Structures are given as structure tokens and as C-alpha cells.
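All chains are identified by letter, namely A, B, C and D, in their written order; residue positions are counted from 1 within each chain.
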Amino acid sequence: MSLEKLLVISAALFCCGLYAILTRRNAVAVLMGVELVLNAASINFVAFSHYVSRVIGGQIFAIFVIVLAAAEAAVALAIFLRLYATTGTVEVDTADHLKG
Amino acid sequence: MGFIDSHILSLMTFLPLLGGALILCLPKGTDNIVKIVAAVASFLPIPLAARLWVAFDRTVGGVNVANQFQFVEHYSWIPSINVEYFMGADGISLPMLLLTALVSFLAVIGSWGIKKQIKGYMALLLLLETGMMGVFASLDFFLFYVFWEVMLLPMYFLIGIWGGPRKEYAAIKFFLYTLFGSVLMLIVMLALYFNSVNPETGGHTFNMLHFMQQSAHNAWLKDFDVRILLFLGLFIGFAIKVPLFPFHTWLPDAHVEAPTAISVILAGILLKMGTYGLMRISFPIFPDVTVWFAVPMAILGVINIVYGALCAMAQSDLKKMVAYSSVSHMGFCLLGMAALTPAGMVGASFQMFSHGMITSMLFFLVGVVYDRAHHRDIDGFGGLGAVVPVYTFFVTVAFFASLGLPGFSGFVAEAMVFLGSFPVFRTIVIFAASGIIIVAAFHLWALQRVFLGPLNPKYAQLEEINAREIFCLAPLALLTLYFGVNPMPILNLMSTSLIKLVDVVKMVI
Amino acid sequence: MPLGNLASLSHFLPELAVTATILLLVVAHVVGGNRQSAVPAILSLAGVGAALLLTALQASVPAKSLFEGMVALDGFAVFFKALTALATIVVVFLSMESEELAGRSQAEYYIFLLSVLLGMFLLSASTDIVMLYLSLELVSIPSYLLAGYLKGGGRSTEAATKYVVFGATASGVMIYGFSLLYGMTGSTHLGEIGRALAQGEATTPMFLAAVMVAVGFGYKIAAVPFHMWSPDVYEGAPTPITAFLSVGPKAAGFAVLVRFFYTVFATPDAASGAWVLSPGVDWTALFAVLSAVTMSVGNLIAVKQDNVKRLLAYSSIAHAGYMLMGFVLLSPAGIKAILFYLVVYLFMNLGAFYVVILVANRTRSEEIADYSGLGSRAPFAAVSLAIFLFALTGIPPFSGFIGKVYLFAEVINKGVYWLAVVAALNSVVSLYYYARIIKVMFLEDPKDKSEIAVPAFPRAVLCLLAIPTLVLGVYWEPVIRMAENSVKMIAF
Amino acid sequence: MIRYAHFIPLLPLAAYFINIAVGRRLPRKGDWVSLGAIGIGLAISIGIFHEVFQAYDPNFKYHVVFPWLDLGGRFVLKAGILIDNVTAVMLVVVCTVSFLVHLFSVGYMHGDPRYSRFFAYLSIFSFSMLGLVLSDSFFFIYIFWELVGLSSYLLIGFWFEKKSAADACKKAFVVNRVGDFGFLLGFLLLFATTGVVGYDEVFQAIREGKIEGTLLTLAGIGIFCGAIGKSAQFPLHVWLPDAMEGPTPVSALIHAATMVAAGVYLVGRVYPIFTPDAFLVIAYIGLITLFISATIALAATDIKKVLAYSTCSQLGYMIMGLGVGGYTAGLAHLTTHAAFKACLFLGSGSVIHAVHTQEITEMGGLWKKMKITAVTFIVATLAIAGVPGFSGFYSKDMILGAALEFGMRNPQHILLFAGALFTAGLTAFYMFRLVILTFFGKPRDHHKYDHAHESPANMWVPLVILAGLSFSFWYSGWFGTLVQKPASAIPVVSAAAHGGVPAAAAAHPAPGATHGAAGVHESAPQAKPHEPASAPPAGEHGAEASHDAHLAHTAHRYAMFSSVGVGTLGIALAFVVYWFGWIDPEKVASSCRPVHTFLRNKWYFDELYEATVIGGTKALSRAMGWFDNNVVDGLVNLVAQIGVWVSWLIGKFDNYVVDGAVNGVADVTIGSGSFFRRFQTGKLYHYVYVLAGGVIIIYLVKVF
């Protein structure tokens, strides 16, 4: 395992995540896309902290990312539930009353 | 007198504002008190103006020399950027101050008949007066700019709320036009600020008089192309106010829609601010560009004269005709200024003054007939001369004054402009002179269609002009006549400064 | 040398105060449940007020770095803490008046509000990307909830949805950018990153990182093209929250934007007191363009709006554009201009929203058309709204004009004339739509003549907002001095 | 007495203000105020004339100056009173006529609702006219010039309820303004070059050669344009006949005796500035006018119109007289004409007063009814017809003499004399036609005839006085001595050299101009010494001074005989046609119908102007109005259009139709607004697209 490989993986993850966000209509799927992006970042952090800086800061950052991702996900899911309760669907593109 | 003398300009500027504030504090349903307070507040500047008239030393020039200004009030306002509260008067501003004091008061009296929300109306009117006074009194560019903008708001509401059928359109048009001009002015002001220094302190400054010291400019500001750009920036800002072809299209709408007294102020004072700004700011700060730009200015002036007159002739709305005639008359100011000769410059300034009085009369008169007949269609009348002789008399006086008949101040001003500018640009002035025919033509044509010929039975019972309206008109008429026969009192007031201005501009070549 | 954790606490009092208040509110919530009462509001007012006082005390304290260099205590941070605290106080007043929020659990609401405040405190002070990310999320996550706080409001929920997804994405991208920075410099501390970048020369990844970070901040300050969320969220969210988002987080966003870019991608130049770009990453040109685009897009779209809230949303985008002008100049005067502008912006913008709330309480509408004749229906509210709108336009003698003058001045001083001209023209455009509201209020006759009563308390609050808007337009020396002193920021 | 000269105009001014302000409340409605004012004026001016006459000095001059406008010495305008012989004569003439007209009006305007207003107007007129006479500089004569125009406007439009009157007064003023335009330019040209406005200073400056050649010619012609306007010369003569809409006394005062003469007076005043070419222009303008208007008068049937056109024609004589160098002649005719034409007009007024019509076709046989009027009228007619012994003969003969002299010097200009002579015949003819049709033959309208009656004393007294003044012995002798041609100010070098310039102003063959120059300058004393040095043609004449005197003598002798002959011919013809009826005018008219109608329609001048100038201006103004509303106001609008177009190119922009300037900009603004808001679809993933797109674009921009 070398740094390059890890970076390629994380980049791939990032792109997958972004792709999911851009293409998926289901809110939950979009949220998963976001998670992918965050994880890509985490991978970077860990990798860099291992190969580049010998300091542990990067790995701590990764943990923070995971935690906050979880928090974010919780809030997001709560909101999606509300969305479902009001509109009966979690298709994000049905929620387009606010525009212009 | 001590306090008054030392703060006379501030008093003239802010007394009306005080009155406005007082009016806002008055409870509902006290319309008469409101009117009286407004009248008093707008009258107070007049004795002060008289005081200025008496105390003003006619022998010192001012223009770009600080210690030659009179009634100076100079305090630091925002030290961090050297904004100063710097007021003072010289021969350029003093006539305008007098005019403002007089016309504003008459405007208040002229709006006696306003029914709708008189409270707000008067308050705004007084705020407007403060703005105008401030513009003419301030010598700090920042201060000047603030007052300049402060005028916009009341004007917008006065046109927009109390105006005619298309008031909203006219109001916003006026507002946008002027703001467009002023943002350009703002940029130029800041550019000047950063590229010139106060000779004494060496710091940046907004003091106009320092801008006028070419030595205070840095290398960038000495570059002629830059100066041209800055000059044009200012010029457009002022040209919109004058208004100069082709920036004049806000004027017919604004004048026509505005209530009578506001049209009076618009035409009587606001238009003068454009030319005043050129004299006070553009010319002394950019003398070299002024000389470079003289011919275009003269041409624009002539276009205004002839074009405005022709447009006026084409109008069927009396008020619109008068509005366009203002366009035409303001052209003389520009022509005279562009000549950069004593006669031309003084003539221009005198034209500002006399047009202020004449056009005020005209708008008052239009308002009188509009109040009674509820329309202003020139062809809709006829033969009124037989019904309302006194009114007809005043209109005739105003019209002949406006078409430059000798004996009225307008003639003296225009003659001076001609005498001053013809030696400089002959061909251009020949076109300008042709204006006198058209001007005469449309005035008399209107006069004939409205007052002469067989009486239109619809207006057989038309009510004669009343005492209050005469009270508004008589002083203007008398002054116009007096200064037409004996212009020296006013000319003495301005000549020293304006001749100095000419020299200041001419010095650079 | 950064203080240790315990030593830092004594300089952490405002944050602690806010935290304490939050905890108290939690207790109150547990005790009071969803009962309607003014207690939570008053409690949070007290807490924030205390925080504000404590912040004020910090003004004189010499700048230092806290918590092992995680948080900075410097004029810059103090200024923003004060600013955001002030904004929060006003927003609490707004919330107390708003009838939208009536019937929802008060305590909960204020818990979120104050958490956002805490986040903003930290955000404007954080000097380490970990802290930065943390506080950014602390600002974001509660505001997602606040945006969706209206009961059964489909719009509110939709707003929340968009907000959360967009926000999450943006912060995700930002984090990725962070990770790249970290990879290039091997440190999470802004100062060290900055120094590292200053030595090494530019690389494409480095610029990519810069852009990705810009996404995160751009989304916070709603700069084009990262602004898309804001109009919808502003429209959907409860009006007090809209007001809050348009001032508080935006201000905090600017704080972090300035601090981050000025420490990471530029290095202070001791000689001139200005900053010099780190090699390669010429982000000033980029942001100059963004600023122009932002103000233009904001103003142009605002012209088309019929909903006051949405109009104000776009106008706040435009104002972000104005403020960005000061950001690209790398000079203390530029930052000073931003700080000053934020102050005046706080008053005029919150004031405008406050009137919107008062009107909506009565008319249940935010359509411009329903403001017709407000001048006669509620003169006081109408006049003050007019004042706020003219101030937003930037016409003397209102404070907005002075704010603009300072921004323009620095731009012109730096010779970026094209930007000045664009901004000038923009303010003409902005007049067009602000004046539209004023026209409707004063120039048009009301559809229903009924009086809209404005009780004493709102009047007082309105005065509190209107008076500074007027006074700062005539005499602003103290505030500008304050802003001047707050420019210096440390990055250990 | 001369010290009080300034009172002459000021008293009427005072009278004006009094009458305007409180006239209606005064006893007799204040007519006595005006009457008194002008009366005193008359007294003073007679006193002045007496002093001048005592002095009996051709170069008499009284000049007082006081500053009027002074900009710290950088720009100074002085006002002043200048009295020389011509002025003195003019003062008497104006005051006399004015006084008599006031007197006449007391009766004529009796019972008019605006009686006092009328006298106020008369006073303001007297003021401006006298001021015009007294003023000493181009600037101030221009001022009073305008004021005279104003008072004429007021008086013509006095009965403004009549549409015709309303039209006429406007026409008069505007047409005069056209002339004044030229006046102004000429005066500006002089000022621009010499920097002074006083007559004497300007002459001096010209002597110093500050302005010369074509420029000076143009300046002269410009000044003369003023005269063309006021004195109703071709092509601006159209206003005078219409001006007859005013009350008859007004016609007598303004449009016969005084104001219209102002033009002639002006030319005389500034005589020294005219170059030979300018003089040629003047002469020919005069000729054209006198001929055209005489022909029109032939066919006119309105008594006042006939008189009006005869006035034009007589003014033409004066102008031409001045143009051909007959300075004395021109001014003499001005003086005599004032008397007899005023008499004619007042007489016509008395007739109209009696029969309440102006159509001579409805009169006839009035002789029996109103003897005094008839007699005075006939006396005046004899005068205007140029019958020896009457004033008209004396002055007109001088003009013809001058013309003939000029013609003999420059044969190609003999037309001037011929035309004038022929017209003298015409004058005699149409004037007697008028007399016969009015006072003799059988009454053609019995109803009117029966009501006719002699006018009251205060109306016929003026008639008698004026008739008395129509005899030549009043004028002959002293006039020629006192009123002598002033020395031309043009340095003869430039003049002759200029004369040599081909295709000079008057569009005549160059040699003609040359001789013209010589001819005119021949009698300019101070010119002689230079001439031999200067130009051969001038030189020749200079050498033969004695021959000149002889020439002049013969010229005048021939002129006298021929004019008497032609005059008799005209009178005889009139009698043949209208008294004995041997020739039926109707037949003549019908036999040359086109000519007749052409004349009846006054050569279609009004129609011509209506079609060209007036119509043109109106059209132009309408065009401008349209231009202003649509183009200029739509200029920003145009920008808007472009903006719309561009933005359409960018993003399928709805194509706006913009109207109004600011609306235009606004539309583009709004338009671009709605263009951008297209992106705000409300669809979440679109937002993210924009976000990602933004990043990528920025990045790409950076990389490439």
C-alpha cells in the first residue's frame, strides 16, 4: 500500500459520492453520497498522517469527521422523516415549491 | 448677532430641518398649525439671507482660496478619514443661497392648498430645503455629496405621493437617473481623495479647496487622460441634474407629474445644482480638462437651447412646454460657462439666478390654471384673457420675461452669455441665437392659444387668481423686473468670484 | 506560545457563559416541556447578554492563543463574538414577537439558537482546521433544525432538506480540501500550514484545495455559485431564523474566510501592515470576480422577486458580494471596511426583517403586494422599513452609505476601478427593487385600510435598530475606530 | 432744455405704470396721464429742436454716458443719450405724431372696456420708441428695439378676442424676431471684433480697421436685417398689413409714422458702418419692397390695407434712398412721410369711425358727409403722390435724384431709378383710386352712407394739424443743411479694395460693385485723399470732383421732371378709370385675371411662408418632440435592446420589447434577473450541479 494508491481510492470515493449526490433522487441515497465524500476525506487524513506528517493530528481529525458525519446524518434523517411526513416521499426533486 | 453671524450658514441649512422635525411631532388634525410652522421654518432663512446680502464682502473672490470664503464654519467631523464640516460662501454660492431661501419659502406658501397628508408633505419639503441649502453651502466634497443625496429622498416622495397620474414612474425615473449620476460622482470623489493630499497635514482630504490645488495632486492624478475620465464622471453626474441633452429625459416627466410647488423647486433650484456643481467643483479642480472640453460643452449647451425650444414648441401640455423651456434656458448657462470669459461666466450664473425666478413664476402660474381647470392642455383653453385679466397679466409678464425680453433679468443674462461667448465660438453661438426666434414663437403661440382669441365658453366662469397666489408671484415678478433694469446688485455679488474662477481656469493655459 | 487548556479557560468565559445558558435551557426544557412561556427567551437573553459583556471585557486583553493553539483570542475574534452575540440578542427579540414560532417548544428553539451562537464564537476564533471544521458544523447542524422549525410547514421542511443536503455536501468538499492541505503541509494548524505554503511554490492540488475550501466558506456566506441554497432556505425558514442566518452565520463565515485565507494563503507583511499572497495561489483575482458576480446576480434576481423575504434573501447575497470587495484587497483597510459594513448591515438587515415579521403577524403574508398602503396603515413600521431599505441601498444620510463608502474607498485606493464601477452600478440596480417596496408602501393606496397596530415593545426594538442606522450615517467615528483596532488577528 | 432729454422717455414710462396699476380708478380712466406725459415730452423735444436749430451746426452732438453694467472693469456696458440733428428731428416727429394720436384716441377709443389699458400701452410704446431714438449704442438700441416690438405686440393684439388680431400680433412679434436675429448677430459680430458697443466707439474701431471686408459687410447686413423686420421690408414685410388688425390710431402711430420708421432710423444711425456691398443690398431690398407692395396696394380694397401697403412702399423708398447714398433724402422722406401717412391713417380712422367698414367698395360720396376729413385726406394724398409743393414731393424727389445719380454713375444699377420712378406713378394712381372711391362718386352702400357723419373735434384737429404739416415749405432748406451724410467709417483702402472683390455680397457683377463703391464713396469727404493711391476706378472719380457736382445737379433735375411727369400720369389714369369711368377696372381686372388674383393674394407671400418656414419649423419641432420621446428617451432603451439581444444569445432570453429609457434598463435588469433565476429551479440536485460546476469551472479557468 502506498500513498498514491490510497489517494486514488479516496479520489474515487469522492467522485462516487459526488456522483451519487448529483444523480440520486432519493434523499437517503444523497445522504449516503455525502457520507462517501466525508469518508474520502477521512481516508486522506489518515493516509497523510501516516505517510506525510508523523503527527497524529490527521487521524484525530478523521475521528472527528466520523463523529460529525454521524451527527449530521442523524439530523438529516430526522429532517427527511419530517419531509416524508409532510410530502409522503423522500424524493428530493419533488420538493421544489421554493424556487425562482 | 455674534452667534448668528458665526453660524449663519448652518442656521439657514438646519432651521428648516428643525421645523420639519417639529412638524412630525405635532399631533394629528393640526393641519393649520403644521402649515404655519412650515411657513415660519421656511421663512426664517430669508432674514438670514438678507443678513448675508448685507454682510457679504463683494471684493474677495473665494473659489479656491480658503481664507477668501465668508461666513466659514470649519469643524472636524470624521477625523479618521478627514471628513470635515466645512461650510462657507463666496460669490458663486451666495446668489444660489438667496434664491433657495426665497423660492423655498414661496413654495411652502404655494403648497397651502395641499389636502393629502399635509404633515408629511411639509416635513419633506423642509427636509428638501435643508438638502438644497447644504449643497450650496458646503465646501467639503463629502458633505456636499451627503446633502446632494439627501435631496433625493424627499424629492422622490414628494413627486411619488403628491404627484400626478404617472407619479410613480416619474419619481423612480428621477431617482434612478440622479442616483446613477451620483454614484459616478462618488467614485470620482474617492479617487480624488486618495490621489491628493492636504498640503498642511499631508493627509488625504475631502476638502474641495485642497482638490483645487494642483500641487496637491499626485502623479496618477496629474495624468491628463485620467483627469479627463474623472472630469467626465463628474460632468455626467452634474449634466443629469442640469439636465443636459441627452440626459434630460427625466425632467419632462418629473416636472409634469410633480405637484406645483415641487416643480417650482425642481426647476427653480435643483436644476441649478448641476451648473453650480460644474462651477464649484469641476472647473476649479480640472481647469485643464475644462479648457480641453470647452467646445463640446458649448455645443451641448447650444443643443439644449435649440433642441429644448423646439421640443417645447411641440408640446400640447402647458407644464411640459414650460419644462422643456427650462431645458432650453439651462443651455445658456452651459454656453456661457464654456466660453470661459468674464461676461460669459457671470452671465451663466446670472442666468441661473434669473431663470430660478422666472421659471418658478411659470410653474406657479401653470399650477394656478391647473387648480381651476384641472387640465393643462394648451388647446383646451382660449380667450381666457377676457375672463381673468390679472392672471393673464402675470402670465404675459412671465412669458415675456422667459422669452428674454429686455427689461427682465432673463434678457440681461442671455445677452451677457451671448456677448461673452460669441467672441469665443462664433458659429456655435449663431445657432444659439436662432433660439431666440423659436423661444419667442412657442411662448407667444401658447399665449395666443390660451389667452387670446374668442373665449372658450367652458371657462367663462373661471375664477380669478387669488391673493395667496399673487403673494407667491409678485415678489418674483418684481425682482425679475428690478434685476432686469438694474442687474448690478446681483452682479456685484457674483462678479468677483466668477471672474476669479475664469482666471483660475484660464491660468493653466 | 499557546496557553494550556486549563489556563485558557479564564479567557474562555463568553463561550462558557453561552454553554451554561444552553445547559440551563435544557433543564428548563426538561422541566417546562413545551409550555409556552417567555422564560427561555429571557434566560437566553440574559445568557447572551452576559456573554456580550464578557466579550467586551476581553477587548482590552492582549491577543493570545488558547487551547494549545486551537482557538485565538484576538481583536478580530472579539469583534465577531460581540457582533454575533448582538445579532443573537436582536434575533431573540424577533423570535419573541414572531407568531410563526408560537406554539412550538420555546426552550428547544433557544437551545439551537444559542448552539449556533456558540459555534459562531468558535468559528471566528478557531485557528486550527479541526476546530474550524468542528465549529462550522456546530453552526450548521442546529441551523438545519432551525430552518425546519415551523410546525407542519411543508415549505419549512423543504427548506431544511435543501439546507442540510447542500450544507453537508459543501462541508464535505471543504473537508476534502482540508485533507489535501493537510497532506501538503503535514499540519492542521493554520499558522503552520500558512508558513509551509509560503515557502513551497504553488502546485495545482494546492489551488484545488483552495477552491474546495472556498466552497465551504462560500456556502456559509452564500457567495455565487455556492449561494443556491440561501433563497429557498431564507424563504422557507421562520422569519426570525432567516434574519439570523442572513446576519450571524454570514458574519461568522466572513470571519473564518478572512482568517483562513489571510493566514493560510497569505502572509502578513510587517512593513506595510498589509498581507502578501503566498506564491501561486492568486485567489484575490478569483474572489474579485466572485464578488462582482455575486453582487450582480443577487441584485438582478432580487429585482424579480415578489416575496419580501425572498427579495431580502437575494439582497443579502448581493451584500455578501459588496463585502467580498473588501476581502480581496489584502489590506487592513479592506478588512476594516468589512467589519464596519457588517455592523451597519446587522442593524439595517435585522431591522428590515423585523418589520417583515410585524407585518406578517398581522397580514399573514410576505408578498410585496400586501404591503400596499402600509405608509398609512402602520406609519411607524413603514417609515422605519423605508429607513432600513434606503440604508441597504446605500443612500446618505443612512449608515449603509458610509459602509459602502469605506468598501468603495479601499477598492479605489487599490486601483481596482472596474470592481468599483460594477458595485456602483449595482447599487443603482438595488435601488430599483428596494424602492419598489417603498413605492408600494407609500405611493400605492392600501387594499384594506385597517390600521396595523405596532405595540410599544416592538416600537422600542425598532427604534433600537433604526437609531443606529441613522446615527452611524452621520457620526461613525467610534465604530470605525473599533473596527480598525479589531483588524489584527494572530495565527500562532 | 437738452439737459432734460431723459425725461422724454421716462415720463411715458411712469404713465404706463400708473395706468396699468390704477388707471381704471383714475378720473377719465387716466387718459390724461399718458396724454400729459407725452405732451411734456413733446414740449421738451421741441425745446431741444429749437436749441439745435439755434446752433444750426451739421455736426451738432450732445452725448451723456452713465455706467450700467460693470464687471470689475473686465466687461463694461455703458448706457447713454446721444442727440444730434437727426435725433432732434426724430424726437419732434415721434412726439408730435404720438401726441396727436393720443389725442385722436381719446375720441376714437371712447367707451372701450380696456380704455386705460390702451393708453398704458400707448405710453409704453412712446417710452420705447423715444428710448430707441435717444440711445447711443447698439446694445441699448437693441433693447428698445425689442421693447418697441413688445408694445406693438400689445397694441396690435389689443382686441385679442378677434382671432385675426391674436394671430396678427403673434405674427408681428415673431417676424420681427427673425429680423432681430440678424440684428443680434450683426451686433455680436461687431462686438466680437471691436469689443465695444457705442456707435462712436464702433465707428472709431472700424476706422482703425478692427473689422473690415466681408465680415464688415456681413455685420452691416445683419444690422440691416433688424431694419428689414421693423420697417417691413421684403421679405419680412408680411406682418405689417396684418398689423392693421389693431385699432386705427395704433396703425397710424406705430405702423405708419414711427415704429416702422425705426428701421430707417437705425440704418441712418449706423450709416458709417455699411460697406458698398451692404449698401447695394439695402438699395435693392428697398427697391423690391417698394415695387411689390405698391403693386399689391393696386388691388387691395380694404382702406387700411391699401394704406399699409403704401407704407411698405414708402419705407422701401426711404431704405432705397439710404442705400443709394441719399442719406438726407431717406431721412427727409421718413420725416415727411410720418406726417402725411399719419394724417392718412387717422383720416381713414375717422372714415371707418363714421361708416363702420373698411371696404372702400362699400364707401363713396363721403365728401358731402365729412368735409374736413376729406380735405385733409386729399392734402395728404397729394403729398404722398409727390405733387410739387407738398412735402412728399420734396423728399421723394430727393430720393429719386439720388437714385438717378447713382444710376448714372453705375449704369447697370439704373434699374433702381427706373423701378422707383415707375412705382411713383403707381403710388399716385392707387392713392387717388383710394380717394376717389372713398369720397366721391355715388355712395355704394346707402345704409352705411346715411349713418356717416363728421368726427368730433378731438379727432379732426389732429387731422388738420397733420395735413398742415404735409406742405413742403416746412422742410425745404434747413433739413438738407442740418441732416448731412456722416463720413463713412470704412477706410477707403479696404473699401475700394473690397469693392474690387468679385462676386461681392449683393451678387452683382464685380465691376458694378466697384463702381457702386466709388459712387457711394465719392461724396465721403475724408475718403478722397486716399483714393488715387487706392483703386483706379475710385481714383478717376476722385479726380473729377467738379464733374460730380454737375452730375448730381443734372441727376436731380431730370429726376424732378420725370417724377412730376409720372405722378401726373398716375393721377390722370386714376381719374380716367375711377372718376370718368372711361375704363372699367373690372374689365381690366378680368382681362388679366391671373395677375389680378396674384396681386389680390399679395404675391402669395403668406402662403409661401406658411408652406416653407412656418410649416418647416412646426414640422421640425414636432419631429424633435417625437425624437425626444422615442429616440433620446429610448437611447438607454437602445442599450437595453442590445442588452436584451446579447442576453438572448447567452441564455434563450425572452425577447423584451423595451419602452422608455429607464424602463429599458429596468427591463434588461429584470430580464437578466429572470434569466438568472431560471437556475433557481428549486430542484436540489440542480443546486449541487451549480456548486460542482462552479468548482470545476473555477479550477479549469485556473489550470488553463
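Everything that follows uses one rule, which is that a contact is a pair of C-beta atoms (placed from the backbone, for glycine too) under 8 Å apart; a residue touches a chain by one contact, two chains touch by 3 or more.
What you see is a predicted model, and the numbers here were worked out from it, not measured in a lab.
S.K.: Please state whether A-D or B-D has more C-beta contact pairs across its interface.
M.R.: Contact tally favours B-D.
S.K.: Rounded to the nearest whole Å, what is the centre-to-centre distance of subunit A and subunit D, using the mean of the C-alpha atoms as each centre?
M.R.: 96
S.K.: Distance from the CA centroid of subunit B to that of subunit D, rounded to the nearest Å?
M.R.: For subunit B versus subunit D, the centre distance works out to 37 Å.
S.K.: Report, in whole Å, the distance between the mean C-alpha point of subunit A and the mean C-alpha point of subunit C.
M.R.: 26
S.K.: Express in whole angstrom the distance between the two chain centres, defined as the mean CA positions of subunit C and subunit D.
M.R.: 78
S.K.: Could you check subunit D for residues that touch two or more other chains and list them?
M.R.: 666, 677, 680, 682, 684, 688
S.K.: Going through subunit A residue by residue, note those that touch at least 2 other chains and give them in order.
M.R.: Residues 18, 21, 30, 92, 95-100.
S.K.: Among the residues of subunit B, which ones contact at least 2 other chains?
M.R.: 172, 176
S.K.: What are the touching chain pairs in this one?
M.R.: Here the touching pairs of chains are A-C, A-D, B-C, B-D, C-D.
S.K.: Touching residues of subunit C toward subunit D in the complex: what are they?
M.R.: 161-162, 165-166, 169-170, 173, 204, 207-208, 211-212, 214-215, 219, 224-226, 228-229, 231-232, 286, 297, 300-304, 429, 432
S.K.: State the interface residues of subunit D toward subunit B in the complex, per the touch definition above.
M.R.: Contact set of subunit D toward subunit B: 20, 68-72, 74-75, 139, 142-144, 146-147, 150, 153, 157, 160-163, 165-167, 169-170, 173-174, 177-178, 180-181, 184-185, 188-189, 191-192, 195, 617-618, 620-622, 624-626, 628, 632-633, 635, 660-662, 665-666.
S.K.: Can you list the subunit C residues touching subunit B in their complex?
M.R.: 390, 395-397, 401, 405, 408-409, 412-413, 417, 420-421, 424-425, 427-428, 431-432, 435, 439, 442-444, 475-477, 480-481, 484
S.K.: For the complex, which residues does subunit C have touching subunit A?
M.R.: It is residues 129-130, 133-134, 137, 140-141, 144-145, 148, 152-155, 157-162, 164-165, 168-169, 172-173, 175-176, 178-180, 182-183, 185-188, 231-232, 235-236, 304-305, 310 of subunit C that touch subunit A.
S.K.: State the interface residues of subunit B toward subunit C in the complex, per the touch definition above.
M.R.: Touching subunit C from subunit B are residues 77-81, 145-146, 149-150, 152-153, 156-157, 160-161, 167-168, 171-172, 175-176, 179-180, 183-184, 186-187, 190-191, 193-194.
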